[in-house]
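Heads up: the structure comes next, in structure tokens.
A, B, C, D and E label the chains in the order they appear, each numbered from 1.
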Amino acid sequence: MSTWLWLIPGSPFVGALTIALLGGRLPAARLPWFACAAAGISALTVAAAWLGGAAQEPLRQTLYIWLAVDGWQPSVGFTLDRLALVMVTVVSGVGFLIHVYSVAFMDKEAEQRRYYFYMNLFLAGMLVLVLADNLLLLYFGWEMVGLCSFALIGFWYRDPVKAAAGRKAFTVTRIGDTALAIAIFLLFVQFGTLSFDVLFPLGEGDWEGATAVALLILVGALGKSAQLPLQVWLPDAMAGPSPVSALIHAATMVTAGVYLIARTHPLFELAPGVQWTVAAIGVLTIVYGASCALAQHDIKRVLAYSTVSQIGYMFLALGCGAYALALFHLATHACFKALLFLSAGTLIHSAGGEHHIGRLGELNAGSRTVQLCFLVGAASLAAVPFFTAGFYSKDAILTAAWVAPVGGLLWLFAALGALLTGVYIFRVYLTVFHRSAEPLLRPRGRLPTPIAVPLLLLAALSLSVGFLEFPEGSGGPHTWSTWLESELDLAKHPEHHTTRVLQALSALMAVAGIALAFPLVRRERAGKSLPWQSFLQTGWRFDALYARLFVQPYHRTASALARWVEQGLIEAGLNGLTRGFWVMAAGLRRGVEFGSVERGLTFLVVGLQRGHAMLSATQNGLLSRYAVSVTTGTLALLGFWLFWPWGG
Amino acid sequence: MANDLVALLPFILLAMGGCIVLTLGVWRRYVSTWTMTMVTLSFLVASAVAAALWTVPQQVGAMLVIDGMSLVFTLAFTLGTAAIVLLAYGYAPTQGETRDEFLSLILFGTLGMALLASTKNLLAAFVGLEMLAVPLYALVAWRPSRPGAVEAGVKFGILAGFAAAFFLYGIILVYASAGTLDLTGISSSDVEDRMLTAAVILVLVGVGFKLALVPFHMWAPDIYQASPAPVTAFVATVAKAAALAFLIRLLSLQLPHVWEDLLPVIGLLAVVTMVVGNLLALRQQNLKRLLAYSSIAHLGYIMVALAAGNDLGRDAAIYYTVVYVIMNIGAFGVVAAVAHSAGDRETLSDYSGLGRRDPALGVAMGVCLLALAGLPPTAGFMAKFLAFGAAVDADRVALAVIAVLNTALAFFYYLRILVVLYKERGMVSVPRANGTIRIVVITATVATVLLGVFPGWLLNINYLNNG
Amino acid sequence: MPWLTVLIFLPLVGGAWIWVRANGQVEYARRGALFVTTVELVIVNFVWLVAEPGGDGYLYIERHAWIPAVGIQYLLAMDGLSLVLVLLTALLGPIAVLVSWNAIQHNWPAFAFLLLASQAGIMGVFLSFDLVLFYVFWELMLVPMYFLVGLWGHERRLYAAYKFFLFTVTGSLLMLVAILGIYFVHGEQTGNNTFDYFQLLNTDVSGTRGMWLMLGFFVAFAVKIPLFPVHSWLPDAHTEAPTAGSIILAGLLLKTGAYGLLRFCLPLFPEASAAFAPVGMALGVVGILYGALLALVQEDMKRLIAYSSVSHLGFVVFGIYAWNLHGLSGAVILMLAHGVTTGAMFALVGMLEERSKTRQLSEFGGLLSPMPRLGAFLLLFTLSSMGMPGLANFVGEFLVLAGVFQHAAGLGVAGALGIIFGVVYLLWMYQRAMLGALRRERRWVDLKRREMVSLGIFAAAVLWLGLYPAPFLDILQGPLGVIMESGPHLSTGEVSGGQ
Amino acid sequence: MIPLTHSLFVGALLFTLGAAVVLLRRELLFLLMGLEIMFNGAALSAVAAGQHWQGAEGQVLAIFLMAITTAELVVALILVWLAYQRFQAICVDDLVALRDGRSEDSP
Amino acid sequence: MYKLIFYLTAVIAIGAAGAILIVRHPVHAALYLIASLLALALLFFLLGAPLVAALQVILYAGAIMVLFLFVMMVMDLRPASNERLALPKGWRVPTLLVAALAVELAVVVFQAPLSGDEIWVSVGPKAVGQSLFGTYLIAVEVAAILLLAALVAVLYLSRRSRP
């Protein structure tokens, strides 16, 4: 099996190359299926790897030595251990499904070749990233996915806003990437190697640089995974086609940061402070994302903020040492968030590109299937207890957070986030799918198969994956963490009864959130015209009160957050940074390039020209002057020799 | 005595040639300019051949010494003059007037040069210098009806006289302090007083005027501008080389201790000459004036070599001088080639597009200019290389650096000419340059490159074998 | 066969032949030039294949007496370092001809001659091991370039050509003084006056004198590279040069400077260079950041790329003065990568200019849709230029930074910042040119076959260097190891207050 | 007996006066006369030095000087005359056609 | 007496030369010049050079000055009536230079080997002739050619135009 390992990233890579070089020769109708096949082979190979024993023993393959300098020989080589296997499965599986989905979704687009080229390339990059057996190759994949993300966000490049969004994404993540690169250099300088196998046993010693390196890696992860404070690019990234959002900005690429930290976790354990920071950033992002999601009207932006928030959970888990749980949430999140995006994409598609949830509701764009799928996704996201995957993963993380340092606070925030999650996602669901008015559009007929199949599959997964890991103390099997135990440490858990209370509370939060969504939606639908009293009159006093006391301030806070933090501070900060660069550069150009450098030159040139002019004026044709010059010279030479100290 | 006569043969041939050409002028109707030119040429070549057959070193009479240096320089003078005679034959503005008088004066001038290159007596040097100068007064003003001709003659005559007075006075002071005019005698007597050096400085002034060192340079552009191009070439190349030959012999072969005393003075002259020459050339629009300033700067570089005060410096100066002659003959040859009958083309814009109209002349001019600028693999580079090397060797790095910066500055105006040569909009018409001029220009170009690639031809000669 | 001599003189003689024989026939000239450069490329590859290192690590050596009077020889040699640069030189030859195919409007024969002559000069620079011979070629390559810029360039070509020439010539003349200096120092020490590189390596130049001599060399190379305060000629020359000229300038001429540092500055003056290394690295960093910032505010695409060259070559210097195997290898690979990438970018801008008669970014926009091929190529090279892993520049930049981090983490971080800057300006350029709405309606014609071929060669090189640089790194290890050993080994932290 | 320095000093003064005439007078003929004075100062020095060294060389120098400067002077005179004949030039200020022009603008 | 004559003559020579600086009329200048030259001839004689003294009278005061006067006559030079001789423009610098030249030459000249009690000798025409046609034979020959060249030059320049 090891010999075929290269096929996992290789198949989409070859696919991408073929599309780039020979894409023009393929019939346009075949092109999508060709790309799907490339992704499919990759997924099949992963399946074969499962069967071929990758679940037990890591598979390894080294293709060739990439660079060889001074005894250091980073290779192009892959390692498929359990951690990687999880990632690979998610990436290739979801990736394949989204490819299939794209066949129908993108069939009207003009430049499918470019689209599928980047999709395949992205898949290849992502798979390289997770399969890499050394940091350098990981970095290669890391950059490649960033590039594809950039290209696909800006897929509709004619719209300058969208092109700019791509650039923004690339630039912001590149800040993180540079931090990662610096971390890599520091590791290299310290250990002389970048191979995971060699590196991490070494890293478990006592090393002062660990904190710095861990911090830098964290920054890298934050950039890619859109965590505070580098989250700004993700909402804008929704400018890309929906499958892209689903694939890159929900299921796979944004979780690369999580993977990276999981991969390098021994380093973080050497630096507990940084690890706690991971958790802290995680919870802050949870609340931040959720609150922002609350205020959005663009359905994809809601989902984007939701992604930010959900990855926060994974970071929380990483910060608490519950790596397996982080990965678990990653897997479930990949399923339900992809599901949500694809459903949303279908909605938008059938509504002719409408993103506003209110108007989507008015248009009644969704068919039954879509509604169902969206509901499943939303429920899983909101962690509806017992039968959604999201519940199992999120619940476990919340429990694990309790035992971390200052765990109570972490838990509180996380729980708050859980509550809000329910509110915002069901606000969307309700607004879009439950209307009082007559729909403007009749629901379309059956969904095309390439769209329906992935949707249904993902929906099934969103419900079922959770059963791999039952909550602590529930008596169910812990297949997931047990299996990963050999590579990733197990999370600590609080005492038995505390666990129970926490589990109950978190379940309550989820349900409460969903419940809160209803009054919110109703209030919204009424718009401003709906006076607060009517809420009271209809007997939802509690809700009204709740809304007044809780929801509305939150709403306000959220939009204020959105406005001030997002657009104000961070956007302004980023703009300021860009502007700062610009001003600096312009200043340099004025001051140094055209100033000192050019002025120095000009000064020299003018000086020479003055000299020329002055001397030239002496050549005035006057014989006597010439004689004067001769005499002067004679006097000077004689005098120089006669009266100078060194004269004879 | 017979030996002496053989050794004197090159000089005698030159003098005889002058007289014979003059005589031919009597039968003006029957002897064509071509014939006279050929006769002149044959005497020059014969003189060169006779010089090549010299046994070196030897002492001839009381005043002449024949050694490697005299050999190289005499060859350079005779062959250089031959080139100039050919230039003059094809040169349009003085067509028909470069006959007996002109040619004999040129031959007499060459005699003066040859004398300068081989003499070790100051009086003979003075005679040689004047032998060179007096014909030049007339040559500069040749065909006096040309604009500026007379003015140039007057200026040259008076100023050269002025400088000659200093030269002469210097010689006399040398005599006053040392009691002899023979350089060997001076250097062997233990005279080491300040007056001798001061006297040599006055001699240096006189030579410096001929060399157009700053600040004795001011005549050069005016005279170059107004003279017929072949005469300009004569004044600028071989005439200067003759003065240089004398200076090199004076300082390095005969008066080494005075040379040492004078190093700061020569260094100062070198710096001022380079800087001023280059600055003056910088934005000059008149090509002949520009070449004048450029040659001023070049003499500055040669002075750098002399200011080094070592054997390498001497060799470098000799090499540089020969190369300088060849390069400038090439450059002035092009000027002569494109002259129309009314006069030279002077402003730079007159030359625009020359390289496109006449590729051969264009390339020749280009190579000569790049050689003047000092780009490898031309001889101009090798010359600078040796000169600056001498300065570095003598630990006069500051001097070398100044020279180098000047070289860089000089690129500016050489490149300016080059660009003009290849401008798209060309000049109205290129006269079909006379074949003789073309031959000279191309030979000079080829020699410039060959001497650059194989400088060993000149470097392997042993100059320091004065018996 | 004296292959090295053939390599140098084939283009020169071929060019002269074309010039003389073409008689104004454009077709003859360009086909001839293509033929000669292709033959040259074939020969270089052949030489590479059959090369077998001798005992001293050199693949080929040719030695003849030239001017024995002053100890000048005709001494050519080739080691791995020379080989890779010669490869680059030969590779860019046919491409330069191809991109000029229609772009050069007048006097093709002369153009062909000058192009080939500059190629010959650059070959000579990379192969000469006698200092005077080196200097000869060093100057020789300037002249054709001067004409290429001055005669076939754009609006301000004369200004640019002068500036280029005067800057570089000033630097190299100072080097001449330094060459003479080391010659005499060596002569004093051994009584053997020679310009032979191998013998001069044994010269003991230390102290202030060594520093001055080293600076003499350094100035010449710094101007060529170009480093920050003396870079001013580069944007003008690159911008005004015809496309082929820009390719040769950026792809090869700048490399000669870095090559000079590697070949001469470090091994001849190890002590002085070691003392100078912190300054060198600082200059490198300044160049990186300064070039990147200036690139950001350029409107003219060629100017932008020119400033990006300043930035990239800063990286090269950075790596060289890190003076360890990683830094040196990275620097050389980055030289190759920059040569290919920037050459390709200039070629692309040239193609754009051929179509639109402008290089102003504000005149472009949305060109991806009418010209998807051009856009794709531009993206590829832009990405390579910004250090995308898997493409050429990344390998170099990575190794350079890996080398620098071993000495001075602080400087390394500053250098790494340059990568971010690079992303900002390059993407900005790409977006403005290719994305957004089509700003100018005209008949945009996508790349033709000839253009595809030349860019395809570049693309293949970029991918090769990025994905499998091992062959180049392998042949470099020997010569770079020699450079390493020549220097006093710098212990970590001695160079700078990093780490 | 006149000390050498005294007679040399007289020669130097004459030389200087000649130079003064060249430098200060504007008429071409005066310039030539100035040259004559300079030469004669030199000749005086030569003869004085000859007296000091008690050799013939001083006088030989003086004789050569006369012959050669005469030759030079004659040519110069004819040129001055030509200048007058063609341009009515008497003073140096009348001969300023050859000079550096104003530099045109060039790159 | 000898010394007195010498210094007196020297003063005359210098005075006459100085007069040339300030006289207005060219002919006057020529006369002053002749005076100076004749005084010089006397000085030559006093310095033991009778041959040179004779040649000075014949050649300089005779031939050359006649040439000068002839040219003056041809040119018909006469100054505007009763005009005071004005200082030339920019006289300060040349004057300073001349002063400096005098000083420097004096400094140089006073470096000359001191002659305490030398005997006065007259070097007659014979000794001079021997030197001329012995050591300096070649120079004499060349000088002859030089005169020929000057002749050629003058003839060419004075010709009106070629037939």
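Please note the rule applied: a residue touches a chain if its C-beta (ideal position, glycine included) is under 8 Å from a C-beta of that chain, and two chains touch if they have at least 3 such contacts.
Worth saying up front: this structure is predicted, and the values here are computed from it rather than measured.
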Sort the other chains by how far their Cα centres are from that of subunit E and give me the top one.
A
Averaging each chain's Cα atoms, the one nearest the global Cα mean turns out to be C
Of all the other chains, whose mean CA position lies farthest from subunit D?
A
What is the distance in Å between the mean C-alpha positions of subunit A and subunit B?
79
Just how far, in Å, is the C-alpha centre of subunit C from the one of subunit A?
38
Measuring centre to centre with CA averages, how many angstrom lie between subunit B and subunit E?
31
Taking the mean of the C-alpha atoms as each chain's centre, how many Å separate subunit D from subunit E?
8
Multi-partner residues in subunit A (2 or more other chains touched) are 612-613, 616, 619, 621, 623-624, 627-628, 631-632, 634, 638, 642
Check each residue of subunit B and list the ones that touch at least two other chains.
123, 127, 130, 134, 137-138, 141, 144, 153-155, 158, 162, 173, 176, 193-194, 198, 221-222, 280, 283-284, 409
Residues of subunit D engaged with two or more neighbouring chains
4, 8, 11, 15, 18-19, 22-24, 26, 31-32, 48, 50, 52, 55, 57-58, 60, 64, 68, 71-73, 75, 79-80, 82, 95, 97-100, 103, 107
Subunit D residues touching subunit B in their complex are 4, 8, 11, 15, 18-19, 22, 28, 31-32, 35, 38-39, 41-42, 45-46, 48-50, 52-53, 55, 57-58, 60-61, 64-65, 68-69, 71-73, 75-76, 79-80, 82-83, 86-87, 89, 95, 97-101, 103-104, 106-107
Interface with subunit D, subunit A side, in the complex: residues 612-613, 616-617, 619-624, 627-628, 631
Given the complex with subunit A, which residues does subunit E contribute to the contact?
88, 93-94, 97-98, 100-101, 104, 107-108
Would you pull the subunit E residues touching subunit D in the complex into a rising list?
2-3, 6, 10, 13-14, 17-18, 20-21, 26, 29-30, 33, 36-37, 40, 43-44, 46-49, 51-52, 55-56, 59-60, 63-64, 67-68, 71-72, 74-75, 77, 88, 91, 94-95, 97-98, 101-102, 105-106, 108-110, 112-115, 117-121, 123, 127-128, 130-132, 136, 139, 143, 146-147, 149-150, 153-154, 157-158
Which positions of subunit C touch subunit B when the two form their complex?
67-70, 106-107, 132, 135-137, 139-140, 142-143, 146-147, 150-151, 158, 161-162, 165-166, 169-170, 173-174, 176-177, 180-181, 183-184, 212
